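After this come two complexes, each holding chain A, first together with chain B and then together with chain C.
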Partner chain A sequence: MSRSDLNISRWLDAHSDRGAGLQVLLNGAVLADVAGDGDHRLVVADVKLQPDTRSRLKVYRGTLLTSDQTLPDIPSAVITFYPDNLEPKVPAVGITCGLDLLMYKNNKPYFKFSVPSLPISALEDEVWTKFKHKNEHDLTQLVDSLKTVPYNTLTSRSQKLLLLKPEDAADFVDKFKDKELKRYSPITCATTLQRNSSEWNSVSCPVLATEIGQIYILDPQNLSILHQASVSVSKATPSVIRAIGLFDVEYRILIATREGLVCLLRRGWLEGRNVLQATTYIVDMVIMPADNFIILATMDKTLSCYSKKGSKLWSQELKQQITCLTLVPLKHLSMTLIGVGMKGGSIHLYRTRHFVDYVSIPDTPSSLLFGKMGQEDHVLVTITTSGILDIKILKRTADFNLTQQSTASNPILQNKPLPLPKRSKLFLEQSARERQNPIEMHQHFQQDLIRLRLNAARALVQSQGDQTGVGNDKELIKLSAQVLGLGPKFTLILNLENMNGDKALIDLTMIFHCKSSIYQLSHYVLRIPLVPPGLIYKAEIKVEDVSSDDFQGQNPVQSVKVFCTRGDDTHPILAATINMPPTDLNII
Partner chain B sequence: MGLFQKLALFLGIRKKEVNVLVIGLNNSGKSTVINHFKNDEDKASDIVPTVGFSIERFQNQNLAFTAFDMSGHGKYRDLWEHYYKDCHGIIFVVDSSDRLRLVVVKDELDILLQHPDVCNRKIPVLFFANKMDCKDALSSVKIAAGLGMDKIMDKPWHISASNALTGEGLNEGVEWLTQQIREYIVNNKF
Partner chain C sequence: MDPMVAALSNFRRKKYDKCVEICTQLLVKQPLDQAAWYLKMRAMTKRVHVDDIDGEDAMTEDLFDENAVAAAPRPGTSMKTTKTLPMRPVGSAGRPISGIARPASSLQRPGSSLDPRMKTARPITSQSARAIRLGTAAILSQSDGPFIQVSRLNLAKYARDPCLAKPLFEYIFYATGDARAALELAVQATQANEFKDWWWKVQLAKCYVALNLIRDAEQQLRSALKQQYHVETFLRLIRVYLRLDQPLSAAEVCKSALEIFPLDVAIFTELGRLGEALGDIPSSVKHYRNVLIQDATNAEAIACIGVYHFYNYQPELALRYYRRVLAMGAHSAELYNNLGLCCLYSQQLDLVLVCFQRALDLATDPLIKADIWYNLSHAAISSGDIELALNCLNLCLICDSNHASAYNNLAVLQHKLGRPLLAKSYMMTAIKLEPDMPEPHINLEFLKSKI
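Let's turn to the complex of A and B:
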């Protein structure tokens, strides 16, 4: 391998498992030191939606699958956090399944948290108590009364009842009427928030968001609720949640919702505030660690950046649909890149809005992760929609050519002032005049500009219609023609110029072509004598129009073709068509 | 070199001193390999990740080795190239159970072999396919193939599977290295 080969990609293909068969949702995988031995592993919640299969929790150590266990329900998110400061430090893995957060430690389940039930409307409660005691003929009436309650405040049991056909309703009610009525909202996304230290392995709290827009911050040790808040005043269904800061000091939780809102929740707030409203659906969101900028990927193939207050800083339209985002923190280069996974299997890396690198993978990525895996710090893990697990390692020597790029693409940050000349008296007078009559000057300028364009266009038309000045750059000869006379007798004057500075033209022949029914020429072949360098040879040909009057009318464009050939070569070195003016006998 | 020293060297009274560079990725077992060759009283019972580098001395067959035990951590790998010039042999330790990072090892090896201080010298390279006791360890043949060692034509190289904790395979490798360095010195000095 040569040195140039090494520079082609900044990434090493460590592993690609086409048969992994992983189905992962966004944020459905994490990299964590789950065994506490410093060897970071990949934890994946493998979602299986088919009715006869169970979702699984899989742990990969390097390239090998080391643990595989079934999950009770379909997982929505995977998080990892250190629940305590006890040595040895072993992080817990939290999986949100339906209503529960399941905690695993050392690959064993050890704790479970269920989101609290929600209040039930009085009417619904009453209806279900009546179901217990009353007969079946009241059923339709009671079901109709349920319809008066807003649908989204009903329990899932009543919701299902309303969707059933009337004949199935009785069985359904019989089956469930003795069970306690409860209303829950499932967990849609989760993240972690560090509690009191920003060390990477300090204690952090799980943060859960439910479908109706409740946020729960949990105590990592006993899973009690430390803080509860709602996402927004309006209806908002969280889809992506990110937290930064420290729970005990100050924190910001940003929630992207299915409605395209981004809401902010800060310490002590019971209700989130809308920070921004995206124009379309939000695919994924990440928060830049240094300046808390919000990076949003939306359905319209756009990557946009907002300040923490919600004002748009930049947006970049990409060629493909974005499927996932990840932060690529590179401490040794003191920067953070944004990894953008796109449909079709390419991952682009952006440094703010500037494209720096790309990685291609076999298929559309469904989840992207960058971090420490095994002993290696800079590992990019991709799980694709078709279940391929792909692991790439960033080369130690990769520097992303930052020094070159920052100077080339950022004129605002130029340190060197441009070498401008000093302001002359003329310049000052001119600028004074410009300030006095700006409108007239602008109009004059525009007029002149239009005139210039018109002249240029005219000249172009003329040169295209005009046969004078046909040349051959390679042979350095030029032919120009002039037609004299009104007809039927014309004189054609041809100027053959030798543009070559040090070589004479020899052995040239000029051949004329025309329709013998229209024109008769004095010569059809003209042998050209030696033309010395830089001089012009002038030839004169008599042309006579021999056509009848009615034929002229039919064919107004009549031409004579001229070819220059060298020696016995059949290819002309120069060819020209001379348009002859029509013979106007009326004038004569 | 003084006349007396030359004479002493010629007679084999004075030991020849050679420098070897011990490199490899972090957690591959470089310090543990070196620890094995130290005298019993100097041996460390607990090996911690090396920071920067450390210098160890040991002897083998009348050659006094000075081993530069380099740190294999990513941020210290830039240091390696500063020691290429003065070394007589290279020991490259590979963690044979770390399949994921075999590509990283290959990358580092390529960088090493293309370095101007190494590529033009016939410097012997000894590979230890360490941690052979691990159950998912790759064989030394597989590692040699994975690292593309068959393409190393201009340098003598040798790979031996080893277990630095028990010392298995280490002596065999170092004997090969001693032999090569002897030849190297003879060919270059006289």
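Let's turn to the complex of A and C:
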């Protein structure tokens, strides 16, 4: 990162609107030529969750807000697609709100698709018919019979009924019993799939995914269902959906679910197949266009890459929590970068696993977009959690040439083998010796090992006997010492560490021994206060060299002995010898 | 026999104490006997003489260094900032440890981690002039007071005497260790010789180096080289550049010296050491191989090439070199330690522990002992015996309580045994002891992310 700190930024700050007040969910904004005049605009589904406000659909032309309409419900995703090949080509904007996909063209609503209702269990149907005809005396009994139906196959009306208190249940039933019973599953995410041509402005189909895991591929012209499939055999709630390929030829739809699964749906399949299972929750997912690799951002601050078959290729742990991803396709450089928005307001750009650049913005991004805006081809639009709209333009001269800064920052995984030298003739000879008498060698080694164990144990016992050493394994305390000064006055700093995780050290005394003809200490006995678990007690002792010169000449190295004792026990639990440096008056 | 002849004979047979004794008797009889005075002086000089080209560097070098060097030199031009070699263990001073303990590097703590070390076979006299000057001048005191009262000598008179000046200088420089007086004598003698004697210029440089006037020494040595090419002068000039932390200039001097004295072992050795200090191991090994072509028993070269092979993943070749050192008659704890390590890594398992046991038996220095126990812990880990490895590491710490690598490995083993708190505490200790070592930092981070 330091290298790019020094470099001039590759980005121009085009616009930053701190008062935009936009609340955007992941994939809740899109860049599209909505007027058909070649001037690409930013379409944002502004989510308002407060009870007295309505969510809005906003369109920005450049930095100006040109259109602002209210939405009937809370939007979950925004897509844009070309519904037909008629000239002039004007794309439609699709907004998923609850059960509906609302289509807008030229900023005007013109079509709506509702998700078909789901089958209702016979028992539930029967119960509600009974509600309609009978009186309330057997209400509790009927409600209890509803409980035998699996909760997630009930309609939302019955689900609510089960959650109500018994006294409120009668009112609720009265209110709704005459209406038709329907079971719906709201749309959670949506994407588009090109129909028969991979041109950027060719006809494409909206793909919707619902809460219970149904996928609908719609005809863009009349919004009829072209294909319907379920995400997975097991329970899976789609959260991110991405599609590649062509509907008429071959396509793959990848669905990341809230359960941490990534499922794959291909042409003709009625049921998706699990490709991989992430260890934690998936934040966002993108598909690399060239090689169809799956890039996953997960809650454990990790960016990982999987092959299209689901085997892990690499993963990279980042410093911050990832909030959103985007693809940054740079056609003129023939590369695609991954834009990673992170908590705290930094956006990192990765080329495969290699960090190439970063952009900082004032706040945590909630949605990242990269594409054409206005007349500019490479624009990075960021909408942050606090509602800031930030637009940056990539300089045309920017290159993400990796040659000079390439892998220096990431030496973690080595694909290249280590540069090992060739096997020498000597090695072959030695291995031949090994092959000739393996049994003797092994026996010899084992014997030696046993002998070593004995020797090591003996040496340890000996050191335990005279209590030399820095720590006491049984008591889990450790003593380290540091001598400061050139002499004749020294300061001795002792650190007594309690390595025990759950017991405090109490009732310890430190005793110092030295030759009184050589050293004079400020303390000879130190009472050590309670040392809490895992902490260090620091003691400072002043030592003065009082020896005469000729004496010192003969004994250049002198020592001070430290003993730690517990209570009135005469046997020390720890003893150490501290070698004092010779006082060298000549130096001073 | 004439006592003078006896004294001379003793001098030639290197029985300097006896020679000094006879000369003292002669001088008692005839205090102004110049021959006896001269011989006594020579004998006393020889008694403490040391090959000071490889002498100890001044201990105060870093503390009181007046020769300011650029704080941020360009890469490759300084030895202080040289990146340490990957894979090789680094001493606590931050300098990579080579295969050989050189006299000049004895101040640093010998060894850490996987450290096959060899003490040099080069003879080092135990006391050098510097050491005498610092503290133990009492050793030299004679029963009847000092032999020559340097401060009372008329140095100008002796400087003019070509026969006496040189031995007197050597006596003052080596035996009394008084570099200032020696410098005065050398200055006057140079003047007396009208600046034409290269020998005196080299001596002047020696005094300047002793007095830490490095730039003056460089000047004198350059001027001496203009008059006479001499290997010693070249070596001293190389040393001067090393003191000034200018390894590239030192390498230049080596190259020009090789043009005049091709195939000189001492200069090749210098080049080898330089390459090592600059982290350019291939060139270092090339120069050491040149040394071995000339002198097949050069222990330093054999050991350094052995180390190169060891860290180049060819322990079997390293083993061959160390066996050669063994065959040459060296017999030390370090050597057996290295042999043990080489055997371990080249899978000659039956010899591993025998070698280490010998090393342990021979080791007296607790630091060396600590390293051997540390290496034994590796042997224990590779045989899968964690308990034994823990014991070995504990023994290593008993011998040397500042062994950061041992603390780190102990922490890893404790973590493996499911005691993360203890592991954490050991890692903190390792970091405190050697803040530059990367392993405990990484391990601690890993541990923190786990907890």
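The definition used in the following text is that the second predicted complex is superposed on the first by the 396 of 588 C-alpha atoms of A that agree within 3 Å, B and C clash if a C-alpha of one lies under 4 Å from a C-alpha of the other, contacts with A are read in each partner's own complex, and residues count from 1 in each chain.
In this section, a residue touches a chain if its C-beta (ideal position, glycine included) is under 8 Å from a C-beta of that chain, and two chains touch if they have at least 3 such contacts.
Computed from a prediction, not measured in an experiment: that's the story for all the values here.
Chemist: According to the stated criteria, A:63 is in contact with first (chain B), second (chain C), both, or neither; which is it?
Modeler: In the superposed model, A:63 contacts chain B only, not chain C.
Chemist: Applying the document's definition of touch, where does A:103 land relative to chain B and chain C: first, second, both, or neither?
Modeler: neither
Chemist: A:243 in the overlay: touching chain B, chain C, both, or neither? Say first, second, both or neither.
Modeler: In the superposition, A:243 contacts neither chain B nor chain C.
Chemist: Of the partners chain B and chain C, which touch A:296 in the superposed model: first, second, both, neither?
Modeler: In the superposition, A:296 contacts neither chain B nor chain C.
Chemist: Please indicate which partner A:455 is in contact with in the superposed arrangement: first for chain B, second for chain C, both, or neither.
Modeler: It touches chain C, and chain B stays clear.
Chemist: Please determine whether it is chain B or chain C that touches the greater number of chain A residues.
Modeler: Of the two chains, more chain A residues are contacted by C.
Chemist: Could you look at A:480 and tell me whether it touches chain B, chain C, both or neither (first, second, both, neither)?
Modeler: It touches chain C, and chain B stays clear.
Chemist: Looking at the overlay, does A:377 come into contact with chain B only (first), chain C only (second), both, or neither?
Modeler: first
Chemist: Common interface residues of chain A with chain B and chain C?
Modeler: After superposing on chain A, no chain A residue contacts both chain B and chain C.
Chemist: Inside the complex, what are the residues of chain B that reach chain A?
Modeler: 25-27, 74-75, 77, 98-104, 106-108, 110-111, 114, 136, 148
Chemist: Which stretch or stretches of chain C touch chain A in the complex?
Modeler: Residue positions touching the partner: 60, 134-136, 138, 312-314, 316-317, 320, 346-350, 352-354, 356-357, 360, 376, 379-380, 383, 385, 388, 391-392, 394-395, 397-398, 401, 421-422, 425, 429, 432.
Chemist: Under the definition above, what is the set of chain A residues touching chain C in their complex?
Modeler: By the definition above, chain A touches chain C via 418, 420-421, 424, 426-427, 430-431, 433-434, 440-442, 444-445, 448-449, 451-453, 455-457, 459-460, 463, 468-471, 473, 476, 478, 480, 497, 499, 501, 534, 550, 553, 556, 576, 584, 586-587.
Chemist: Please output the residues of chain A touching chain B within their complex, sorted ascending.
Modeler: Of all residues in chain A, those touching chain B are 1, 3, 6, 12-15, 62-64, 332, 373-379, 391, 393, 395-397.
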